[in-house]
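Letters A, B, C and D mark the chains as written, and numbering starts fresh at 1 in each.
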Amino acid sequence: MVEVGVVGGTGYTGIELLRILVTHPHINIKTITSRTDAGVCVSDIYPSLRGFLALDFVEPDVDVLAECDVVFFATPNGVAMQMVPALLESGVRIIDISADFRIRDASLWSAWYGLEHVCPDVITQAVYGLPEFNRDNIASARLVACPGCYPTAVQLGFMPLLANDLIEPDYLIANTASGVSGAGRGASLRTSYCEVSDSYKAYAVAGHRHHPEISQGLGDMSARQVRLTFVPHLVPMIRGIHATLYAKLSDLSCDVQAVFEKHYADEPFVDVMSASECPETRSVKNSNFCRLGIGRPQNDNTIVILSVIDNLVKGASGQAVQNMNIMFGFDEMTGLNTVPLMP
Amino acid sequence: MVEVGVVGGTGYTGIELLRILVTHPHINIKTITSRTDAGVCVSDIYPSLRGFLALDFVEPDVDVLAECDVVFFATPNGVAMQMVPALLESGVRIIDISADFRIRDASLWSAWYGLEHVCPDVITQAVYGLPEFNRDNIASARLVACPGCYPTAVQLGFMPLLANDLIEPDYLIANTASGVSGAGRGASLRTSYCEVSDSYKAYAVAGHRHHPEISQGLGDMSARQVRLTFVPHLVPMIRGIHATLYAKLSDLSCDVQAVFEKHYADEPFVDVMSASECPETRSVKNSNFCRLGIGRPQNDNTIVILSVIDNLVKGASGQAVQNMNIMFGFDEMTGLNTVPLMP
Amino acid sequence: MVEVGVVGGTGYTGIELLRILVTHPHINIKTITSRTDAGVCVSDIYPSLRGFLALDFVEPDVDVLAECDVVFFATPNGVAMQMVPALLESGVRIIDISADFRIRDASLWSAWYGLEHVCPDVITQAVYGLPEFNRDNIASARLVACPGCYPTAVQLGFMPLLANDLIEPDYLIANTASGVSGAGRGASLRTSYCEVSDSYKAYAVAGHRHHPEISQGLGDMSARQVRLTFVPHLVPMIRGIHATLYAKLSDLSCDVQAVFEKHYADEPFVDVMSASECPETRSVKNSNFCRLGIGRPQNDNTIVILSVIDNLVKGASGQAVQNMNIMFGFDEMTGLNTVPLMP
Amino acid sequence: MVEVGVVGGTGYTGIELLRILVTHPHINIKTITSRTDAGVCVSDIYPSLRGFLALDFVEPDVDVLAECDVVFFATPNGVAMQMVPALLESGVRIIDISADFRIRDASLWSAWYGLEHVCPDVITQAVYGLPEFNRDNIASARLVACPGCYPTAVQLGFMPLLANDLIEPDYLIANTASGVSGAGRGASLRTSYCEVSDSYKAYAVAGHRHHPEISQGLGDMSARQVRLTFVPHLVPMIRGIHATLYAKLSDLSCDVQAVFEKHYADEPFVDVMSASECPETRSVKNSNFCRLGIGRPQNDNTIVILSVIDNLVKGASGQAVQNMNIMFGFDEMTGLNTVPLMP
């Protein structure tokens, strides 16, 4: 059994990680930390875990965490970087669901996250945890930086187009929409029921911190310079990311549907829908799947890719477990083979 | 008092029209027709109207309607064109909320609406009822074709850019989202609560019938050829249209915010938000306003316009009443001066 | 014109009060206070008011408020009692939407609200602002204590039964449900979208602070001792209170429907539905109506009354304006004659 | 492997049954029938099952079904009774999720369901499939009639009180609320998004077909005559049943909390919350649990029991699989050991 530690168990990515891990057959949850709720039984805060988990939250302690084989960080940005160097030295493998090690350029990271990075040298050891792009590197990684929710959906949508050089990379548009859980579990007027339900809006149009992460990722996939416009929106739903991607086709004769089907033929968690079908976010709710739809309005030169994930699963904790499965040689679907919830 | 007839009062645009008209000080509702509910009291179907309206639905009858000064059609597509020629001959003025007279090219209309047009010659008499573009023609019109909901939001967003030749018109993208009431009031699995709530999706990516209407309208606003990609999405909310519009700026030094503020300075129902603010759909719920926000991601060459309306008001029945006010010389805000509902 | 002051304009009852007042023809809003947002333009916080109100929030100041004819308190509990004595002395009439003057027994009030009452002597001057029970007293009142949202719905439902002595008053059950706006506008995990939507729960089963208020009110309506069980629930909707009231009929031959229709025949804001019809909360959304339905399951000895209101209108700010209309001799529907929003 | 047939796979109970069965380790799905969708791949209608199930819907055929070990009916009421007699003769065991065999009195059944019962003699063979009350009989049953959703929640809530004779059984009140999926998957204006969301209402106050089923069940649990008032409500949420149960305590000194904890100590799917905690419907979403909360308002003589289930799981298809596990000697939690989805 792999001994697992979870740092930061009270947020939505933390509880989702626990929900997945408690039924994973090859691991044991050794410790769950929470500064704010230390001493409280996990299932007192999350009644949905009653009967599945008898642990209490404890204060984070590097010595206890050092006894784990792998430690997940489901913490606010800026926490993991404080503890990761010591844990790496202890030989613990790290899966960071937060943003601390996603961006290679530490000064760019600082500009967007408003913090000085305390271990820029460690960033270079981090492997970007998008299995569909980086599986081999993940297998041997000591430190995996899991992609953000928007970046996962957008990169999986653009990847076959960029990898096969089918589009003009200098005018990409990612119009994205997220459920409210993407904003985390804090008490906030911005995410309160009466402010969010029965409404829809764009936000962060001038710039969003996922923009540099996506640009870096798309750049890695393309031989040419990438230029991206990224506009996120807030949808009155709990879970789900939907990306509507627009690009100009370089070659109008290309069979994009076939390219996608071939590109993802062996991927356990990427599902290319039939031609002209539009994936709904609910079709992946409670699952680690990304579903993709391909459209070409008026059969013109603009290709439209639709990409949906559950932001808490493939966009966060499920992908983190997928990465763990790869790192420890388990079947990649272990613990993640759940049927989406419908309706 | 202007005598008003309403054909097709049981759908959502019909009930919304009644909701606005019952408090309008200068009109009298003479007759409300419904084939399916003839003989039923309007407020038995719509308890919200109890105490405001004592009429029963009646079978549509051209002779009765001919006694009105103005007749609104809040009917499914294909109904208005059957009755409009006779009514016009009787001297009645017509405000059609359906799509029958929006598109000048009758064969293009037929291709999208799946019906032969029965009076293509009458289309030429129709004035497209977007007051911000067409106010003078509306004032003297015998037949006004009210714009669709998506077309209203998209055209008001692009208009200042096209009219001032600020963007490349051959690569416009309109990524739009609608509340569920946009699909009408029929019983349908597609719009049932369990199929729609807590989810988000694109639809009609290959082509949507509002595409030719928008293209025609944008073409009228631009000196150059317009080429539009239009992708609609369905949001789990009752009312609201949100358009996120993307275009390449021709002139990077242009102050787009100032252009918009100047363009709409005298419009009673168009509100340009402060720079970098994003309008929410709920900020116009229950009102005839269109609110616009202007953004420029990464200060790059792509301009993003956000446009929100209430699809049943400015996107349908409110704009219809606005047109009536213009046609009969009333103050344009009469009956429409309501504060949006918040929260 | 009546000069109006509003203390505490940033909460949901405050903004709703403003929404109603800005279209009221006989009043002028002189001042709006907010400690937290003093100096900010009201419509910057509430874009829905753009174009309707040009005032800034100011610090509350008794001298400024003393120049008003009437001052509304839309404040958290415990604020009004600090300022009311001085304002009453200045001759200002007060309409308190908070709970400070609703309960005649100051020690009972303290037990439920966790505060010492600072002016228990003033409580005796307060008139309980339920127009359907207390209209004459309201007309001459200097200080009106507006009922809570649950108390309004429950009392209007039980009143005809108690006033006519038709039920056993010692075993009343009020099973109630509220939309989320009833919890106010503060940032709170308890009312965040992801915690509230797609779920339903009871709360405060052991006791809720509206229990003593309702018991006092029902006691005033009944010649006999009243004993009430009250269980509130939280519904994933923005606005609306629904009360399902159960009581044992004393006289099985009584025509309860007729009693209700007669009792409320002259009330402008109480609508008794036809026999066996169930009112929906949305049928009163955005309006000051209370709709009542009467049922008798299995035609047995239990009578069931259904009562719905919009918690922010008839349950708070609309009823406050109704009280103002009564106090100043305006037609009672002035400013409140809005059609409910549907859908 | 147990060979399983599913009759009526396209409704919500059908798809939910499939969702559970595809991961059940001891069974094989042999056939899935649907008259309306015969020939269509199951996952074309339900994309959430893509990758989990490769079967097509077929026309129902008794000969094919007769080769199964067990057949589930997830059909509209009135269908199962047509096929069950022949299947029973073939030796197939039946689990009926519909209402055809729930009520022992065939004429009472007919009165509520509006159909003549075609095999009243078979009803006597049916075992009512509430495991917590009837486990031993279920183990040996040939035909199990699964309880309805409301009846499951209400009976589990009242059972410990009635079995221990703690309340007056002649004045029971069950105030219940259901998510919209309880109304099934048909296209209907009554369950359309715009009619249901952002609202709340009671329905069927005069009488609901679950009333006789619950009365029969509660009668079986009690030594005395039971008299029940039952009022259902519709909540804008997808899944969930919430029952708020009221009864008069016979013995005020009784420790009801302890009685419940003892009564359900060994039940794998019934969870008694700590004293004064209120279970939310979401705390059982996607799971077969029933969570119960116990309250006593004002410490008076009325006991309030709160009971929540997922209507599609414990209220339908999950309980059906629980019954199958009991009938075939599997561990009762097999295939049902899922963590509720949160948030």
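Keep in mind that, in the parts below, a residue touches a chain if its C-beta (ideal position, glycine included) is under 8 Å from a C-beta of that chain, and two chains touch if they have at least 3 such contacts.
None of these values were measured; they are calculated from a predicted model.
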Exercise. Based on CA centres, what chain would you say lies at the far end from chain D?
Worked result: B
Exercise. More C-beta contacts across A-B or across A-C?
Worked result: A-B
Problem set entry | Geometric centre distance via CA averages, chain C-chain B, whole Å | 37
Problem set entry | Distance between chain centroids, defined by C-alpha means - chain A, chain B (Å) | 39
For this session: Can you check how far apart chain A and chain C are, centre to centre, with Cα atoms defining each centre and the answer in Å?
Result: 46
For this session: Would you give the residues of chain D that are in contact with at least 2 other chains, written as numbers and ranges?
Result: 12, 181, 185, 194, 197-198, 236, 238-239, 279-280, 282, 285, 343
Problem set entry | Complex contact set, residues of chain A against chain C | 12, 180-181, 185-189, 191-194, 196-198, 236, 238
For this session: Quick one: which bits of chain C touch chain B in the complex? Just the residue numbers, please.
Result: 12, 15, 19, 22-23, 46-52, 181, 185, 197-198, 238-239, 271, 273, 277, 279-280, 282-287, 291, 337-343
Exercise. Once bound in the complex, which stretches of chain C touch chain D?
Worked result: 171, 173, 175, 177, 179, 194-195, 197-203, 205-207, 211, 227, 229-231, 233, 235-240, 242, 244, 246, 248, 276, 278-282, 285, 293, 295-300, 302, 304, 306, 308, 343
